[in-house]
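Below, chain A partners chain B and then partners chain C, in two separate complexes.
For the complex of A and B:
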């Protein structure tokens, strides 16, 4: 491929053979993707306007939008995702700050540990939280042991707060990684100068480090926002009837109720929100690299 | 160095540990501890048993492990093939074409996995391609999900590739196919390895799309963990989780060993 341009430029090999145009090579993978992914997605959209009674109408949309379960799920999904993103940003920024600028022995190991953490599935966090904060878990066990009470005070696992805690735990490393990369670009001399001029750490963070880290924060934050909107495993493992997010609603409608048009409507809404935000993330992260 | 005083440094470290240990280290430790415990009704687990592991490595759980391994390996191989091909083809295109390919192949990352599962279910539950109820539908969904990551990491590596090598080879008269096999792919080998590890780990832990699709005779580990814990056997569930984590880590370690060997070449 490259030889053609090079040859042409050097005038060594003028088009002696008929070359296949480059875009032809892109066709096979695109065809495969189209067949196994784009076509099924199109079918989901089609199914969403095809009610069980037959014909084509927007009735499924009207039904779903009118249902309180959908509105509640939409609200829960958005506030959980926004809350988890804010939590991840604050926590990830603080932790990455210490790893990068207050170095300690074992900091490298911590960075490695974060990489390993990222390769585990999310639902393991919920499983672990069951043992830590569950009704007979560590925290409540400690409480009942110390105070002699019959039950502990930690009963939030089956509520949205449990999902929020699990999401913050699981997704914080996704913020830390781009932040650590951005921090490694900051000249330490800049910090030394600022501090020798009498700036206190809080001011250095605010006026030197934060402006440099903003693009990485924005990129990490929007990625986590999309991932939280799409998160399923954590919510499923929580097993709470009270916490329904859009992916849970898709699963419930399709698998448990066999209401495919309804499931497809929720899926279309979820895809529109996520893909829209993902587009924002791509724009932001491209700017972060520039 | 941000904090210079000794006191300040210690304060930062203590704050770090207070946040980091309970949030990130504790969950993994707790799962390992629970997998050996007979009961857990107070602050710490009580009783020591290896019985949960016997349950986790026999019968249905053992079958789930092989199911997961077969699924993850097949999905990774397919994803690497399609993803690498697409990334190489995209790199040869002009900016506009590359953007289109980027957008198309990154789409499965943005679309919720549950919806990927639903889409595959809707499309392949009826003729002409009837895959519903077979293992192929699970492998297909995993392939779609991890291809995006293979594409992403291989294209990132292609951008970093020094074009001087292929230009030198081509100027010496090597045909494009020869340049691809003997120059480009060997140079990309370390990142292909990394991509393979990533795909494998993702596929091993995939739950969302799998929950929509799995047939009764093709139950991957995450689904097995869910059904075990849903029945109330939290300790056996933990043991299976440890098996899942250990297998993933072991494969990642093996892959990274191949990678260091490849980068010496």
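For the complex of A and C:
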């Protein structure tokens, strides 16, 4: 009885397999992807070539590219992203080295905390920095209490440096995660042999550990670079008025100025930069592996 | 550089657990000393204490006349080869070999010559431009040896260097290592292994380790022919260890009187008699023992017979027999008096 049922089920399955071609199974994911991602993206691109005066033209692009606000935002975005990435790589490498190779009590707990940190929202870090270094934060409060001055000395949070600090603080764990994984793959015997051959710790880091960590550095670095280029929450929460990045510009044009074509142009540029960087990363990482 | 190694009462402990207990051992300059023992015997710890990767809880380690106990590894000037090769994967063979020379700030124009010299010594000169992943295990180990020799160390530490290789490669590499040592007679070598064949083949002297302690030290011949303890007898080569009662000029075993040199062991005590299986003969002869065949193993060139004599199992390695006895057959085996060793060290320990 049971076997008969099984046989019947198997028969149905064979039948259904012959009736529905395999490509049909690709439809649901493509449909979801198209609906929630590709279609809106297409709308953004379409809007970017549809000026308010009607018709289809590249006039919005010409307008945006000609504006100094855009060029400034582009510059700010790129240098903040590059600066934050470099900062994250240096800080992340140093911290990961200590966690991986210098035995200290609680080292494992710290490594676990890195994982938890990755799940924090980015504005939380900014908020924390505001509490500490904000114009009415703890550091300035302490200063004004002690000296009686009207304002404290820590006013950098609303400047690009504040954004840089917040981004480095928030994104460093994104570099450390792949680095710690890479470090755990390095044989202790290699480090020991290197030191017995006369290499001091600095040389071992430079010539043994760093080369083996390069793919992880590239992966973490490019991830952070793309995320920094698109970062919105941190810039908004520091309240840095003078710091306009591309995402801030999109926000400003779309919500505050109702200049939708302009906003879409900036968005398209932002997407192109991200995709372009991703492409460069893929090429570089493939070459590094070959 | 002609440096020996000296351990002076070196003890190492991890969290209250003593892994090396008061080791006293001297490796003469230019000598090959094998540290032989089962895993956990402390032999690798002893090597790591010389390299500087573990710090002794007490005692001193000397290289030549230098007390290196508190020196960091990079200042000890030691060549080291480990079981898993530990080549730097991103460096070509030649750069792997040059690593130590650069670290020791050897003059730039001198480096290529010394790299070639080291690679030629191990027969790897034609692989200089390859990456480690393009080499077989045996080739990688040759590169690792070249890398260690390039810095012209006075002391070479080999930590189970052949354990990752298959049997055939291993015997080839053993011959290579012996040749290298003939070419570099001044280099002192500390060779950690659990393989008695490697130790017997290569070492000038063997230090037998067990349970964190040095059990015995001597030339391979001494340890093999005249072991002092049961552990040495069974770990260096194969051994029949028979419980005997010592008489005058003879011992009694399973009711039989065996003529063996008793030396200065006083009569009346119980002791252990060591007889190597390949020195046991089949048939009647001096010191004959009769028992039943419990197991016959054919090993190609030899037969191994296990013979039960009064409840004690005796091993005999015999040249291949035309007609081996069947299981359960009654056979007589014998051995020459001079081929038996009475282990007195065990006796005094027992009482």
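Points worth noting:
In this text, the second predicted complex is superposed on the first by the 250 of 290 C-alpha atoms of A that agree within 3 Å, B and C clash if a C-alpha of one lies under 4 Å from a C-alpha of the other, contacts with A are read in each partner's own complex, and residues count from 1 in each chain.
Rule of thumb we're sticking to: contacts are C-beta pairs under 8 Å (C-beta built on N, C-alpha and C of every residue); 3 or more make two chains touch, one makes a residue touch a chain.
Please read all numbers here as calculations on a predicted model, not as lab measurements.
Residue contacts after overlaying the shared chain place A:97 against chain B, while chain C stays out of touching range. The larger set of touched chain A residues comes from B, when the choice is between chain B and chain C. By the touch criterion defined above, A:69 lies against neither chain B nor chain C after alignment on the C-alpha atoms of chain A. When both complexes are overlaid on chain A, the residue A:33 reaches chain B alone and has no touch with chain C. Look at A:141: by the touch rule set out above, it reaches chain B but stays clear of chain C. When both complexes are overlaid on chain A, the residue A:22 reaches chain B alone and has no touch with chain C. Of the two partner chains placed by superposition, only chain C is touched by A:207; chain B is not.
Looking at the shared chain after the overlay, A:189 reaches chain C, while chain B stays out of its contact range. By the document's definition of touching, of the two partners only chain C reaches A:197; chain B does not.
By the document's definition of touching, of the two partners only chain B reaches A:275; chain C does not. Of the residues of chain A, those at positions 192, 195 touch chain B in one of the two structures and chain C in the other. Contact residues on chain A toward chain B in their complex (touch as defined above): 1-4, 6-7, 10, 12, 22-23, 25-26, 28-30, 32-33, 36-41, 43-44, 47, 91, 94-95, 97-99, 101-104, 110, 113-114, 116-117, 119-125, 127-132, 136-138, 141-142, 144-145, 168-169, 172-173, 188, 191-192, 195, 201, 204-205, 209, 226, 229-230, 232-233, 236-237, 239, 246-247, 250-251, 254-255, 260, 263-264, 267, 270-271, 274-275, 277-279, 282.
Against chain A, in their complex, chain B makes its touches with residues 1-4, 8-9, 12-13, 15-16, 19-20, 23-28, 30-31, 33-34, 40-44, 82-83, 85-86, 88-90, 92-93, 97, 101, 104-116, 118-124, 140, 143-144, 147, 163, 166-167, 170-171, 174-176, 179-180, 198, 201, 204-208, 211-212, 222, 225-226, 229-230, 234, 237-238, 241, 244-245, 248-249, 252. Those residues of chain C whose C-beta lies close enough to touch chain A in the complex are 51-53, 72-80, 82, 84, 86-91, 99-100, 103-104, 144, 147-148, 151, 157. Remark: chain A residues 187, 189-190, 192-200, 203, 207-208, 211-212 touch chain C in the complex.
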